[in-house]
Amino acid sequence: MTALHPETDVLRTEYQKSVAAYWNNNPNDARVNTVLGEVDGLYHHHYGIGAPDLSVLEGPEDTRQERLVKELHRLETAQADLLLDHLGDIGPDDRLMDGGSGRGGTSFMANQRFGCRMDGVTISEYQAGLANDQARDRGAADKVRFHFENMLDTGFESGVMRGIWTNETTMYVDLYELFAEFSRLLKPGGRYVCITGCSNDVFGARSASVSWIDARYGCNIHPRSEYFKAMAANNLVPVSVTDLTPDTIPYWELRTHSELATGVEEPFLTSYGEGSFQYLMIAADKVGR
Amino acid sequence: MTALHPETDVLRTEYQKSVAAYWNNNPNDARVNTVLGEVDGLYHHHYGIGAPDLSVLEGPEDTRQERLVKELHRLETAQADLLLDHLGDIGPDDRLMDGGSGRGGTSFMANQRFGCRMDGVTISEYQAGLANDQARDRGAADKVRFHFENMLDTGFESGVMRGIWTNETTMYVDLYELFAEFSRLLKPGGRYVCITGCSNDVFGARSASVSWIDARYGCNIHPRSEYFKAMAANNLVPVSVTDLTPDTIPYWELRTHSELATGVEEPFLTSYGEGSFQYLMIAADKVGR
Amino acid sequence: MTALHPETDVLRTEYQKSVAAYWNNNPNDARVNTVLGEVDGLYHHHYGIGAPDLSVLEGPEDTRQERLVKELHRLETAQADLLLDHLGDIGPDDRLMDGGSGRGGTSFMANQRFGCRMDGVTISEYQAGLANDQARDRGAADKVRFHFENMLDTGFESGVMRGIWTNETTMYVDLYELFAEFSRLLKPGGRYVCITGCSNDVFGARSASVSWIDARYGCNIHPRSEYFKAMAANNLVPVSVTDLTPDTIPYWELRTHSELATGVEEPFLTSYGEGSFQYLMIAADKVGR
Amino acid sequence: MTALHPETDVLRTEYQKSVAAYWNNNPNDARVNTVLGEVDGLYHHHYGIGAPDLSVLEGPEDTRQERLVKELHRLETAQADLLLDHLGDIGPDDRLMDGGSGRGGTSFMANQRFGCRMDGVTISEYQAGLANDQARDRGAADKVRFHFENMLDTGFESGVMRGIWTNETTMYVDLYELFAEFSRLLKPGGRYVCITGCSNDVFGARSASVSWIDARYGCNIHPRSEYFKAMAANNLVPVSVTDLTPDTIPYWELRTHSELATGVEEPFLTSYGEGSFQYLMIAADKVGR
Amino acid sequence: MTALHPETDVLRTEYQKSVAAYWNNNPNDARVNTVLGEVDGLYHHHYGIGAPDLSVLEGPEDTRQERLVKELHRLETAQADLLLDHLGDIGPDDRLMDGGSGRGGTSFMANQRFGCRMDGVTISEYQAGLANDQARDRGAADKVRFHFENMLDTGFESGVMRGIWTNETTMYVDLYELFAEFSRLLKPGGRYVCITGCSNDVFGARSASVSWIDARYGCNIHPRSEYFKAMAANNLVPVSVTDLTPDTIPYWELRTHSELATGVEEPFLTSYGEGSFQYLMIAADKVGR
Amino acid sequence: MTALHPETDVLRTEYQKSVAAYWNNNPNDARVNTVLGEVDGLYHHHYGIGAPDLSVLEGPEDTRQERLVKELHRLETAQADLLLDHLGDIGPDDRLMDGGSGRGGTSFMANQRFGCRMDGVTISEYQAGLANDQARDRGAADKVRFHFENMLDTGFESGVMRGIWTNETTMYVDLYELFAEFSRLLKPGGRYVCITGCSNDVFGARSASVSWIDARYGCNIHPRSEYFKAMAANNLVPVSVTDLTPDTIPYWELRTHSELATGVEEPFLTSYGEGSFQYLMIAADKVGR
């Protein structure tokens, strides 16, 4: 694992330490990620999209949970595939970065699809370790690397990345600091893709349900407007924006039937339903020098 | 025709006068709009999208141009339909505004679809007159009105519009001034939809081909980034962004076969092809008070 | 009750409606405000400061809760007194505004102390009604009025207020919009005093405990930095800033002994203790024309 | 030739490559520069000012074009002289930079006048080569150097330049990026002088004639306001601003009589005449650290 | 005298009251203005430019002071004439405003030159009275009016002025507030001309000599940079900037010989000499709507 | 003495050279600092706070001045103590910086209180020398160092300081430049404490008395608002603001009785009395990365 910064520089605030501790300690909450990842070895830490096959709820009860797990995992992988679809033309000589890479699910998918160099960045030393182990096991360690670094200050050289994405990790950081760093890292014309939950400014302010999610994960969900303001301030220009809310609601409804349900399903479904929360994908180009 | 402002206030600069004169004088350039509008009485001043029926190029030569005209018109109407699809739920009691309404094509389509009140605004007194005549002929004059006003300063009350759109008219105005006015006019949560050609910042700067289009129409095509900066500065938050470039190129290719072709097809196809120009649709919500 | 705006303009967003509903419905949560207010008719909706008389916890058990209630009420009144101390020289001809006046506790205290004209503003029509009733009962209705208005857009004339305060109400609104309105309302040299809970930027971001409070009250606690940025942007210049956190912790500790405790005591004490939350008082002057 | 950056960093965008190609390929358009430069070896790529000697149009026809060429060249040299007049006191130990130096005409004039060190910067590798050859031939290669570099990112040390100018080259770059670099390069109190064509905001927007010039040269003429905004944002404070429009119109009129006329004379004369275009000189001081 | 605002609105701060008192009380300091004004009835409150006729210092001693007074007055009138030269084409139907008009010297000159309507604005009720009396005496009261108003908030309608100037009065106000008001008052394309002393940012900060001038007049001399920043923020775009410092130094040297010298000559000459102070003229156009 | 920068980089402008010369030449004005410092070897260059012991004015006349000197020194030391009280928890391993350290009075007090490493920065080479001599004499040279550096550009590494203060030195520099440097130097969560005289925006503008002080010291007193704007722009968030004006007036009154009085007492007392000047303490936290 590269060590561009000492640990004290990776985790500078009490808040960052608390987030790292949460994911390092692999809490009960993360069980859903683990169980689903075991399906095919792609460990995600994001949610799913698409029309679920509801027939998994029927049939023999003793294998229902297993069928449910596979279906939820399929929807999460579909989400990651959609994200990768928006990165543009990526070749084997390009370099991509996964901001908040967790145990590397989306990173491995990108490497498999494009054959490119992949750098995953996470403030969980534990997860970076697991992901690097898996890279070795997959024989991909020459191209896929995970770094115990803060995505706000990666230490990578300027202008080297052809693409960067964040898959449900922006709610842990300040967007202006984040996009300044991403803008620095991207080549001119490079692409950034972001999938995130965001509070919907149209509702008026952060609803109680959204705060409930924040309290649950110790995160700081941003309003939709904040993404566009912080991009405008950092030479990132949207080229595609898609509201994935209707595509993710069925995933959450299905998850209520799973024994892996954690209770967080309720504020998700409430806030999506009342219009105070949205599941958004933004693809943006880095412009200027 | 309402007269909220005297003419001297509608056309304040030499530039605005030159734009108004261009459209008032119904020049040869506008012939394509006229001929296509005669197909079904919906006069557009924008371009088309979608897969063309190329079979219109085949068959008897004496009716080929007629078939071509119908097909081009169908594609332009499809474009306007897509725009209207993004306005959200509009009911008969809502009020919509068409910024730069020309001879009213999209305005009439909106009124037919939603049954709502429609205000079209144009700095061409001639076009406003034609459109109001047509509203009377259609028996829609109680709900559909066209105003000889500047969309930068409409004179309408604040917070009255449920939706506003501009269909290829933003290249004639300053976007910060425009979006300030639109933000003032929209209700909280109101929707703005914009279809426009924009220069692609990724190219580096405005290409010669894009300047050729500017010179041809006396317009000022903005870079894509300018739209998002001006929205961020005026409480307009994107919810959907679509790059329509691949959908409009076939329209332009078809148009080269028409006797209505004006020569402008070449810089359009060149700039789309080299990546210096884009055909973009943005839907955004008005947030804040 | 004056009616400068129709109700639809007072409550423009779903969020504002939800806040108004919360306080209109006088929920169980508000019981603590009611019981404490009954002590002397000053109904507060804020918390207390100062050294508590811990002897109230001792002595006969049957009157302990009564003693506790009186002591908590004394501390809340002490807080309001401190706020009023920072308004500067106010005379009988001056006019003050209470932004988010609830049932009027602090407003009545100000009128009694300065003899000045008082305007309370609240988006709870129910509370405005109760407070106006009390003004009549106290024979103060000529000078003390409560308005069912949004403090973001009061409808009052510009430059008429000698002082404005908010006592734990800023977490329900956007600070930039709020301070723009306050800056408009204040005379040159007028004073604004704010007591509020704020998240401490030094912690790094909003902690889970602070989000728990947000979820509980349906509010949006701002970071400390936001107050100073929004003031700087609106011609409000601090002249006194005091961290009241050490002064309010004993109040919360005492409240855990009360049968009125609602459970919210725990996240308050946790967040104050870990340094992620602060209880702050800012006095600022309106400068410029 | 110094090589602070690899070529891929000098030309980062498609647009920059197209501009470099234009000047590298020495197109027909550049013939006027070449022929005029042959008069005395000072190759300019800008236009002229001052009262022309119209008698050159009279007399023997066979030498008229020769007389015209000399007169046009005299006016262009007069323009460069005026620019140099505004650099302030420059001594032999000072260092000057020519942003967009072409084949070095103004750079050689500055070196001759002040005896100072001169760095010319151009993205045309071809022109940098020609100019360095000439420096060697003139025996000035120790003091006058031309660099194949982008003036947006020269690679020179901070705070080393006593003066910088651009002579009709700013229409190829973003002014904010340019002035940030110039502000970095200049010593405190250093002087920047800019001669440029700019669109006149008073007209209302970029006129068709100005777009025609943009299309012709593949450039991006900025509005006058943009110069002052970008300077204000980058610690460059004007000390002298002169509208040279009336001084350059006779040059253009004279040029219409030359066989070197390229057709671009017409949009220049139209736009100057209608007030949509201006020929401006700005001298500004670098302030702050 | 029109009374758009009550006096309490014209003079809102203690500072404004102190400035008004200074000029109302016609202090000894103002004697120089009075004596020079008696030469021909044009009362100035600004300084002079141009080459003085030094022969006035020679010849009979008993009339030397008289000759000096006439010469100083001639130089001050020359300054006002230069200012008026930069207003552009003004016709009899145009309307001009003099911001800080004092006893009207420059206003009367403008009316005589252009035949236009003139509005002078001053916060000295005394001076406004004197100037209106003179307008009556000159038979110009129908076209030339002086208002006891604050130039930061004149109360005039928007977009009515063809030109505005300030002649050494901007050091009493905030430039951002001033230019916001001027931008509001000017027609699109209208012209603002400013002559002012400003501190020279190149020096590094306000020198002791400049502060001495501030202390002497109770004014707030701005740095040069502030003028350009405040214009850039308010749609005022410079078209001509001239450093008049070399043209005004001889005036000050001559004044040291006058018995009207007040001692302020020394800090003026020191600061001009050391480069910490400049005498600047800016002409700028109002752009945008 | 460390020499991170050559002298030409420490003193870049004429203004900075004039300030350095003032303090290097140890002028008569500085006599008060010297005499008071001799009391106990702590040389201050700031003023005092607190209730004076007025009995020093009574008693034997021959020792009255001596008693006065001691009392004034006591009040100045009390001021420095109050400043140090606001730095938060500082341990022996922390590093503090004194911006404008003069002859080191407050720096030595901090080292004595916290045992921490101390870096004093001053543009007076003379004072840095004296202070380093004293550090050696006190046996503290390993921990306390004084640098001939400009506090706008110290050359120290980023993020190393636990605390920084300025004690009446900010009136010599631009606050935006200063706070950018301080923000760079401070660790996340580090504290900045500022004691300063500032002009009171509520007065309306800088009064003549405040300009008199500026002229006297060659400084540039900032308005109060400027401090908060520059902090907001540089990630410095106030946590405590105190108006020390009432606490410093008695010091100034006492000083009028001293033979060390320099005449500056009068504008201080006038401006404090009329409300145009304030003595302010701000403690702020560095936030963000």
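Couple of notes before you dig in:
So that you can tell them apart, the chains are marked A, B, C, D, E and F in the order they are listed, and the count of residues begins at 1 in each.
Quick note on the criterion: a residue touches a chain if its C-beta (ideal position, glycine included) is under 8 Å from a C-beta of that chain, and two chains touch if they have at least 3 such contacts.
Keep in mind that what you see is a predicted model, and the values were worked out from it rather than measured.
Common neighbours of subunit B and subunit D, by the contact definition above: A, E.
Centroids of subunit C and subunit F (each the mean of its C-alpha atoms) stand 37 Å apart.
The mean-CA centres of subunit A and subunit F are about 49 angstrom from one another, to the nearest whole unit. The residues of subunit B that reach two or more other chains are 12-13, 174, 188-189, 202, 204, 288, listed in rising order.
The touch graph of these protein chains has some other shape, matching none of line, ring, star or complete. Pairwise chain contacts in this structure: A-B, A-C, A-D, A-F, B-C, B-D, B-E, C-E, C-F, D-E, D-F, E-F.
Only residues 188-189, 288-289 of subunit C touch subunit E when the two sit together in their complex. Interface residues of subunit A, counted against subunit B in their complex, comprise 188-189, 201-202, 204, 224-225, 228-229, 231-232, 235, 237-243, 278, 285, 287-288. On the side of subunit B, the complex with subunit D involves touching residues 12-16, 18, 172-174, 202-209, 211-212, 214-218, 220, 274-276.
Subunit C makes touch with subunit B in their complex at residues 12-13, 152-153, 174, 177.
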